[in-house]
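Structures for review follow.
You will see two complexes here that share chain A, one where it goes with chain B and one where it goes with chain C.
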Partner chain A sequence: MLSKKRPVLFIAISLIGTGIFLLIPYVYVFIASFVKRGTGGFAGFDNYREVLSNEAFMTAMSNTARFIVVCVPLMLVLSLLISIYIYENPRLGKMLKTGFLVPMAIPVTSAVLMWRFLFDDKGIINGILESLGADTVNWMNTGWAFWILVLSYIWKNLGYSIILWLAALSSVNPSINEAAKTDGASSFQRLIHVTLPAAKNGAFVIIVLSVLSSFKVFREAYLVAGEYPDQSIYLVQHIFNNWFRNLEMDKIAAGSVISSVILIMLILLLQRFWEKGGEER
Partner chain B sequence: MKKKLIFALLAVLSFMVCYPALFILVGSFMGEGELAENLMGILNVQSEAYAEWSPLPQKWSPESYVNLLLYEPGFFTLFWNSIKICAGVLAGHLLFAAPCAYGFAMYDFRFKKLLFTVYIIFMMLPFQVLMLPEYIVLKKLSLLNTLWAIILPGAFSAFPVFIMYNFFRGIPSSVIEAARMDGAGEFAIFLNVGLPAGAAGIAASMVLQFLEYWNVIEQPMIFLSREETWPLSLYLPSINLDNLGISFAAAFISLIPSLLIFRLGQDSLEAGIAATTVKR
Partner chain C sequence: MAEIKIENLKKTFRNGVEAVKDFSLEVADGEFIVIVGPSGCGKSTTLRMIAGLEKATSGRILLGGRDLTGVDTKDRDIAMVFQNYALYENMTVFGNIAFPLKVRKESKEEIEEKVAKIAQVLKIDSLLQRRPKTLSGGEKQRVAMGRALVRQPKLFLMDEPLSNLDARLRLELRDEIRRIQKKLGATTIYVTHDQLEAMTMADRVVVMNKGMIQQAASPEEIYQRPANPFVAKFFGSLPMNIWKAGRKIYGIRPEEVVFSQEFKEGWHEARVLEQHFSGNSWMAATEAGDERVLLCSDRRIESMTVWLCFPPESVHIWEDDL
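And now, the complex of A and B:
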């Protein structure tokens, strides 16, 4: 039974700070999205219309969406496969787990040095291709840039997702597994019928956190390719930064509202979907 | 046999993902000459040579570190800035986020569900969505171009509340009730019972958020225009590739605190990540 006593003291300061640095700014953005730039008059949905017909914005949105659609399922499957191995081989797994977590601690700036070494026009990969007699590839200025970004996302966050899956897997009641074993279920059958259904509960959080962390690849994209990277990795964050530099308040505001509404809907939708799935959790 | 093969594959993969750390270490001890020779093609557009690398330096040399000390005195200001940012943000989490998370976990009150949802949504929004109004707020408070511009909003980020909440919620209410029976005040209970019991959650949040703010890039890029207020994470990309040795040495030095915290806090880190999958 939770206490009904007033917790004002505990959450007040945090609430004030959240108000100043998050809530009021968000309300401000929302209002600004209906205001005409310069004159300050009411703009109706003009700002939204302008942003939605802005080619760069739509490119950035679709790139970001494509990035999420490619990365999140890839991440889910890859990390699940590795975590199942680690879960079933705890002794060897501990070492692997540490290994996969290390990239979290490698600052993005160090990673960028490595990326340049690998993917520069004269980088080691092109060197190898050349020595094999194959054509070299312009990695950073073609569609390949997108896949390099996918790679850096997986590299950085694989360990994180593995830990999440391991937590979900360890919530499986071992006695059910044992019972299945005595009933003669093979390890593959146990995986499909016992472990995975139970681990499914973790998937919602893993998806949400993967989407969240996918926004952070902007750092790599920016540090490797600057403000105007190859078109395939021109992300929502790029266009916001560029608008900011030009003080295009109206566009930033409308763009912010659009992207936050999409995000919130995505989260609610996922939640609905998961609860509808008849989970007993 | 098949098992061994899978293990070997995963071991190779996990070595590969760690390799960038080794790459930076080895590169930082190569000395300018050897580095320039290895990376000639990348540095010099005219050169036809491709990059090369050896697993270890042919000759170990502290030259890059000496050069960093001699020619880039600003580096240490920025190193210090990064430390201050992390310390400030984490102190804020301890002072504001921990009590807040405790309040959410231990009490029932009006609008609790709504408020908590607001925190979750703000946790998800990418920085860019709120960057402009935050800029205006910071400008009004005359905090632009000071480290406070990073520290204050960071101190109130919603993520630590979320993580710590998941830990505080695990404290059995009988423990709290017992303390109340003894006549302890609510705040005393928080200090003497809540904090020790939730320590693992606080540690977990600290490790995760240290790694986050040690890499902070988006916020300083917008809020800090004076170079002497930058954190390390902005400095590295700004140095010229001509000073390759210096960039490797600087990268390795900035890697050390991060790896150290990781090493010391790995268990907390794993517990913290895992805590987020517990059903809210």
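And now, the complex of A and C:
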């Protein structure tokens, strides 16, 4: 009997933690999204209707989506290329790896301070532009803000992706690559037909983690630009933050359910695609 | 197909280990060479240097007259079969065999035709749409061979291709590899640690130990005239009896030791220590003076003492210069 219980016992602690801090609140939020604020009565889909017709919410959603669409592929390709280089040049790679990992060790607040120094109206970059006689740019209050956020996200998370890619690459049986060499495949052909398909499962994890971490870039956006940043970096969490201040729990609940459903669907879709794709004849 | 000439090949690893000290060999067109030796003797490293997967410290390899020094593996026009099959899991059997043709941009029709033909030779034509993970070990190794054979490379390299298979399958595939190799006339270098595999398959056996070639000769010659005690001990299902006397080393195979259960004038008296039944004969360990002597008998030896005779024509003699 104990043998059946044992696995459950092992995961019990984290299961309890997940239950208390994630699952139960999620169920609560789901219920709350159908409840009228103040009266506590059943609201039907009113909350959802209100949220979906809220212009700020839609801007935040589309900004977040745009951020994911730009960042995730960019991050994947960039980190893959770097990790392949490190993988094939292990000696030089060791130094590079450390270099790419440093940003991860820097606390967000310190990093943000650095970004401010760089991109402030009277920051370093504008200083350089000025000394060159060029026009200064209002980095944080124009469309540039989005790209600065992309840059900071990539800079901060590149090392993590590289490590994950390296783990995926090193799980590929080296003799498969050697077989491809003797079969006459060029290094590009090997990468496309042999290495990447073999590292497929690793790649899935990396994509999912990148999507999730790109959701968290709010910290940087918030700390650099404050509560009401340029419209281009107004993210989902900004609006949640504002609703929270106004105690608009109904909207928060509906908004959370919508964004979590989108995220879950995105991951399931990816998974479907992954199981079917990548197989050659 | 082509002949290959290897001149003074050497490999010293970065940690100072001399894996291959001096390897020279000429292989004729269509010849089947088996490199055999204990693990760590440098046989796999030699094969990998021929394939270009390992860079030689010095020496030259000429394939069909072309110097391969500095030539990339993919441009060497060789094919290799690996011990762990190294199949592409994301492709079907067809895709695996077709891969070397695909990367050479051959036409679709040509690929279909060649794959079908080689699949027939290897008896895997019914498996073409399957994926590697659904195949048995023997089937996987056939697919790996198909992938290597499909484009008729100049040279065919095999790195212990049968080591992961069970004994019966090994026997079966051994014959089949030889049959296909003869049919295609493929110049082949085959690496194994199994002396029986070497004996039964090779046109010529190359015995290696400690990074050096000990002897390169036909299986018969290796067995009948081993160049040194190492080769003598390595071959044969029972290790050769070897002993030193003065500056010479003597050896005789257990099956060639003559014995009598009755006293014979001038024969060596020996005590029977233990006996094992091995199917078609008995193997007995005896002790004559200080030397242990193995011998074969068709029935169990009943007496505790036997008298041994070593026919001079069966005794190998080497100078003790090791």
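Basically, the second predicted complex is superposed on the first by the 259 of 281 C-alpha atoms of A that agree within 3 Å, B and C clash if a C-alpha of one lies under 4 Å from a C-alpha of the other, contacts with A are read in each partner's own complex, and residues count from 1 in each chain.
Heads up, the rule we're going with is that a residue touches a chain if its C-beta (ideal position, glycine included) is under 8 Å from a C-beta of that chain, and two chains touch if they have at least 3 such contacts.
The structure presented is a predicted model; accordingly, all values stated were derived computationally and were not measured.
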Touching partner for A:198 - first (chain B), second (chain C), both, neither: second
First (chain B), second (chain C), both or neither touched by A:158: first
Which of chain B and chain C A:208 touches, first, second, both or neither: first
Which of chain B and chain C A:123 touches, first, second, both or neither: first
Residues of chain A touched, compared between chain B and chain C (which is higher): B
First (chain B), second (chain C), both or neither touched by A:20: first
Chain B and chain C footprints on chain A, overlapping residues: 281
List of chain A residues in touch with chain B within their complex: 1-7, 9-11, 13-15, 17-18, 20-26, 28-29, 32, 82, 85, 89, 92, 95-114, 116-117, 120-124, 126-127, 130, 155, 158-160, 163-164, 166-168, 201-202, 205-206, 208-209, 211-212, 215, 218-219, 222-223, 236-237, 240-241, 244, 249, 252-253, 256, 259-260, 263-264, 267, 281
Residues on chain C engaged by chain A in the complex (per definition of touch): 51-53, 72-80, 82-84, 86-92, 94-95, 99-100, 103-104, 131, 144, 147-148, 151, 157
Chain A contact footprint on chain B (complex, rising order): 3, 6-7, 10-11, 14-15, 17-21, 23-24, 27, 39, 41-42, 47, 49-53, 95-97, 99-100, 102-104, 106-109, 115, 118-137, 152-153, 155-156, 158, 161, 173, 176, 186-187, 190, 211, 214-215, 217-218, 221-222, 232-233, 236-237, 247-248, 251-252, 254-255, 258-259, 261-262, 266, 269-270, 273-279
Complex contacts: residues of chain A adjacent to chain C: 173, 175-176, 178-186, 189, 193-194, 197-198, 200, 278-281
